[in-house]
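So that we are looking at the same thing, I have put the structure below in structure tokens.
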Amino acid sequence: MQTLLDDITAAMAKETERGKVADYIPELAHVDPQQFGIALATVDGQHYSAGSATTPFSIQSISKVFTLTIALGKLGDGLWANVGREPSGDPFNSIVQLEHEGGKPRNPFINAGAIAVVDAIMMGHAPKETLAEILSFVRYIADDERICFDAKVAASEMAHRDRNASLAHFMKAFGRLRHDVDKVLGTYFHQCAIAMSCEQLAHAGLFLASDGVNKPSGLRVVSPQRARRINSLMMMCGHYDASGEFAFRVGLPGKSGVGGGILAIAPGHGAIAVWSPGLDEQGNSLLGVKALEMFAQRTQWSVFGH
Amino acid sequence: MQTLLDDITAAMAKETERGKVADYIPELAHVDPQQFGIALATVDGQHYSAGSATTPFSIQSISKVFTLTIALGKLGDGLWANVGREPSGDPFNSIVQLEHEGGKPRNPFINAGAIAVVDAIMMGHAPKETLAEILSFVRYIADDERICFDAKVAASEMAHRDRNASLAHFMKAFGRLRHDVDKVLGTYFHQCAIAMSCEQLAHAGLFLASDGVNKPSGLRVVSPQRARRINSLMMMCGHYDASGEFAFRVGLPGKSGVGGGILAIAPGHGAIAVWSPGLDEQGNSLLGVKALEMFAQRTQWSVFGH
Amino acid sequence: MQTLLDDITAAMAKETERGKVADYIPELAHVDPQQFGIALATVDGQHYSAGSATTPFSIQSISKVFTLTIALGKLGDGLWANVGREPSGDPFNSIVQLEHEGGKPRNPFINAGAIAVVDAIMMGHAPKETLAEILSFVRYIADDERICFDAKVAASEMAHRDRNASLAHFMKAFGRLRHDVDKVLGTYFHQCAIAMSCEQLAHAGLFLASDGVNKPSGLRVVSPQRARRINSLMMMCGHYDASGEFAFRVGLPGKSGVGGGILAIAPGHGAIAVWSPGLDEQGNSLLGVKALEMFAQRTQWSVFGH
Amino acid sequence: MQTLLDDITAAMAKETERGKVADYIPELAHVDPQQFGIALATVDGQHYSAGSATTPFSIQSISKVFTLTIALGKLGDGLWANVGREPSGDPFNSIVQLEHEGGKPRNPFINAGAIAVVDAIMMGHAPKETLAEILSFVRYIADDERICFDAKVAASEMAHRDRNASLAHFMKAFGRLRHDVDKVLGTYFHQCAIAMSCEQLAHAGLFLASDGVNKPSGLRVVSPQRARRINSLMMMCGHYDASGEFAFRVGLPGKSGVGGGILAIAPGHGAIAVWSPGLDEQGNSLLGVKALEMFAQRTQWSVFGH
């Protein structure tokens, strides 16, 4: 395994086409696109990593997997009253789809859906309390108390919130949000601004690869059924309008973030985190997807056959 | 296994809510909604079935899996020039999406995509020759020479072709179809009118569960990678705008047809075919999905964990 | 003429189907739907009215005609960089269309367009100053210093601003708004909350019927060409997705508001204001349109023939 | 008047930017873009023309005004059961809108609407009979028996019918068309292939400028109300998604065709036909619109003020 990760890292180092770093907020635009990291946490307790695997980066939308897990713990299937679980088709659909479907976002991984999930978690509490709860959960599953929000990234997102504010007000107009829009957004942007390394992320995702049990501690995070369901949502909706492409090329449930990270789950095997800041046209890490494709080919860990 | 299939059949017999038989063509509307069948073909060569598992029914859109396989055999990745591989979002999108994306259908399992796949297979030949080729392939993978087209169903579909004719002319206007629209549609409707039983269908799908090898003959139908990719497309797009729901509840790649059949693939385990003519609102077999959900829970064969 | 207005008022009093008072904000929901008023100001200086023609009501979207006039005075054709001048098709299009066309609203009379017009008028000034300017202009063309904002209506709209806030943030995300979203919305809601009677409104609209000259003062408000152009926009876009219907039935440029008022312009003849709070399904005054249809038939003042 | 038409023709001759001749069918692509013609028929019986005003050209969508008139004569308001009368927003909407609104086209001047109008006129008759009726009507209102179909243009359109065939099958799928799709399209393409000169066209349109009476014969073609209503539809929907622009710049009801012709109506004054084959981006004659704008400015015949 270590050889494989080293091979992948070496192969990625040779790639000259590295995509485009997210530039919609200044804080993300600063990141050096030459970086690449990969980490694997296996269900039998092994940890492997290569490249910049201990460098923290902004996990952005990968955080949606964690808030979804929290929300399901709090609301169970009640969550699905305000969030769907179908792929959204394409980015164009985001707000069109909201208009068509009464402000109910298609799934918890598009921005509108993730905002609705945060609103569901808040349950009348202040942003600060909700954020403490989210951070506490992430630290717990990653078994690492050092994980923090990047306040500068969160502030930068809040300052450029118009697109997400539009989505949030739209859902609020349909009665889909219970809390004040700016408070929900403030919480959401902090959640997205969690900084983690590949090693921390692979560790945090391990419970999804092992039927809901947080290895090696052996503590159950979610039921086996819930772990499967979260994985199914990652498979169907984890890469925006390139989810089909990711399933086709990699064959594993995964969730990407515009910070350049991807968390992929190989049920029964382990959790893999990759990071490379340059994005492809759909907003997924260009080298991250390539690295995972190489990883899946070599390990034969595709969920679709081996 | 036999006990499980018997249990499922008994449970389904007790269901009073059985959905609505497809009525858009008279030939399908005649089918008795009380019927239910299930069959399993395993990678180690076992066959199990229960209920009306030997009754032939119109496989309809399930045939798209077979024509996709043929098309990939003929064109390889060249197929993707005219067909995408992303979920389509919702039924509303079908023609909207075509308009937005230059007449290129989102995936090979929506009607527009399947029509483009047939056009790709034709390669200048007459409908009769193409149909012979499709039937020959299906008989081969099902190892059953009795499989036939239901000419009455095909004729009925042709007589009510307006919606599909609209899609086909639309793609033709964008240069996405090479053959005459009525010839392509005639071929497409015959393909959809293939009649198969659950036992035949499970047998035919087995190669997708066993890395491309047609068990028990041991003959390779497609490469392991291609089998995985077809499975990924079934997972992402196999149930129209309820694909996410099927992944969430069943956790297996599958393809449904408005005749009430569903073919599901459990990689490494086997292929399962169910049939019950009553459909839910999204056009998938109501009891078929329920039966597969029960099957997946009992076998723990979900691809998302076990 | 007086006889005609009396006849119309009598006919409207007999109507039992009176539509539905706007209820999206509590302040508008209180209004008594039994009221009806009509007023006519002619280009030769005559004034006629009947019914509740001196009762002030919330002019709502009719105010968009006045802010458009102000914006054209300040920016001239520069306004059209951020606002289009085509009918929008239907309400569904509002945000879809924004997404398709880079955040540029289709015309100045849909909500998004009117919000962009207010933003254009502000030119760096505070809402209070902009509002003073708007009110001053309306008082001037109506020749009536008593005209005021209804602060309760404005506050109620601000409290229920989510739908409009969504549109505003969306445009801001595309760089179409220069000012703070909440300041623009606060100004916009006050503008909509101007309270005027039919008599005041007919007087205020007279300049559009007389080639831009404010009769009887004789002062030029806009050039003849600009008056014609504003009229053309009212004709094409003045009644949301029932603009075609209004042109078909009434044949005059007009602008409606959800307060139940309509201002119609008969070029060369005069300006007509009607008011009845009950709305039809498209949000236009049910009796208002009927009254104008009767008025146009009797006067033969349609712009499409006589 | 003659001076004005001469001035316009001279001004247009100097224009170097002449747009792009329609090239979607070979027959239209052959036309020389240097040509320009203009003709005016006044309600008091005068005829003026300049430039290539006696050269026949393919009137294309202008024919929709004539078939609408025939359909209203046959069905009266019954026509509106299957055709709307609102502007369609934009070209993108054409088939999206059909999907949203149950296959009912937005207005009689978009292609889908005009196809539905032809279907309504057919009333069980063969295409040949319907075409004879259409031609007879056009010859009658133009008072010119020489007017004919251009069979080559019609055949060329039929050979490239896919986009319109898609619309027609779509409507048929919703039960909006009663006749065979190919027969309706054959009729429709012949109607569009009527060849007329500016002089003939201005004469044919005169009844719309004079309250429904065919000057100078004095025979009534339609009632005054119907003439106004047809004019209102031309105003609202006559120039596809540039209808607002035409109203803004010219201020007259009008209908354009991709052959480069435009028929404009000045109620109470006369009918103006212009022709120049080069089109702008929205498919309207580039010089035609310019010429009409100049004409309207000089005559002050805008319906929105004078």
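Each chain carries a letter (A, B, C and D) given by its place in the written order, and its residues are counted from 1.
Going forward, a residue touches a chain if its C-beta (ideal position, glycine included) is under 8 Å from a C-beta of that chain, and two chains touch if they have at least 3 such contacts.
Listed by chain with UniProt protein names: A, B, C, D = Glutaminase.
Note that the structure is predicted; figures quoted are calculated from it, not measured.
With chain centres set to the mean of the C-alpha atoms, which chain is at the far end from chain B?
So the chain farthest away from chain B turns out to be C.
Where the CA atoms of chain B average out and where those of chain C average out, how many Å apart are those spots?
55
Using mean CA coordinates as chain centres, what's the chain B-chain D distance in Å?
47
Give me the residues of chain A that touch two or more other chains.
Within chain A, residues 92, 100 contact more than one other chain.
Taking all chains into account, which pairs touch?
Pairs flagged as touching, ordered by label: A-B, A-C, B-D, C-D.
Mind listing the chain D positions that touch chain B in their complex?
Touching chain B from chain D are residues 92, 95-96, 99-100, 161-163, 165-170, 172-173, 181.
Show which residues of chain B lie in contact with chain A when the two form their complex.
Residues 84-90, 92-93, 97, 100, 106-107, 208-212, 224, 227-229, 231-233, 235-237, 241-245, 247-248, 251, 253, 267-268, 302-306.
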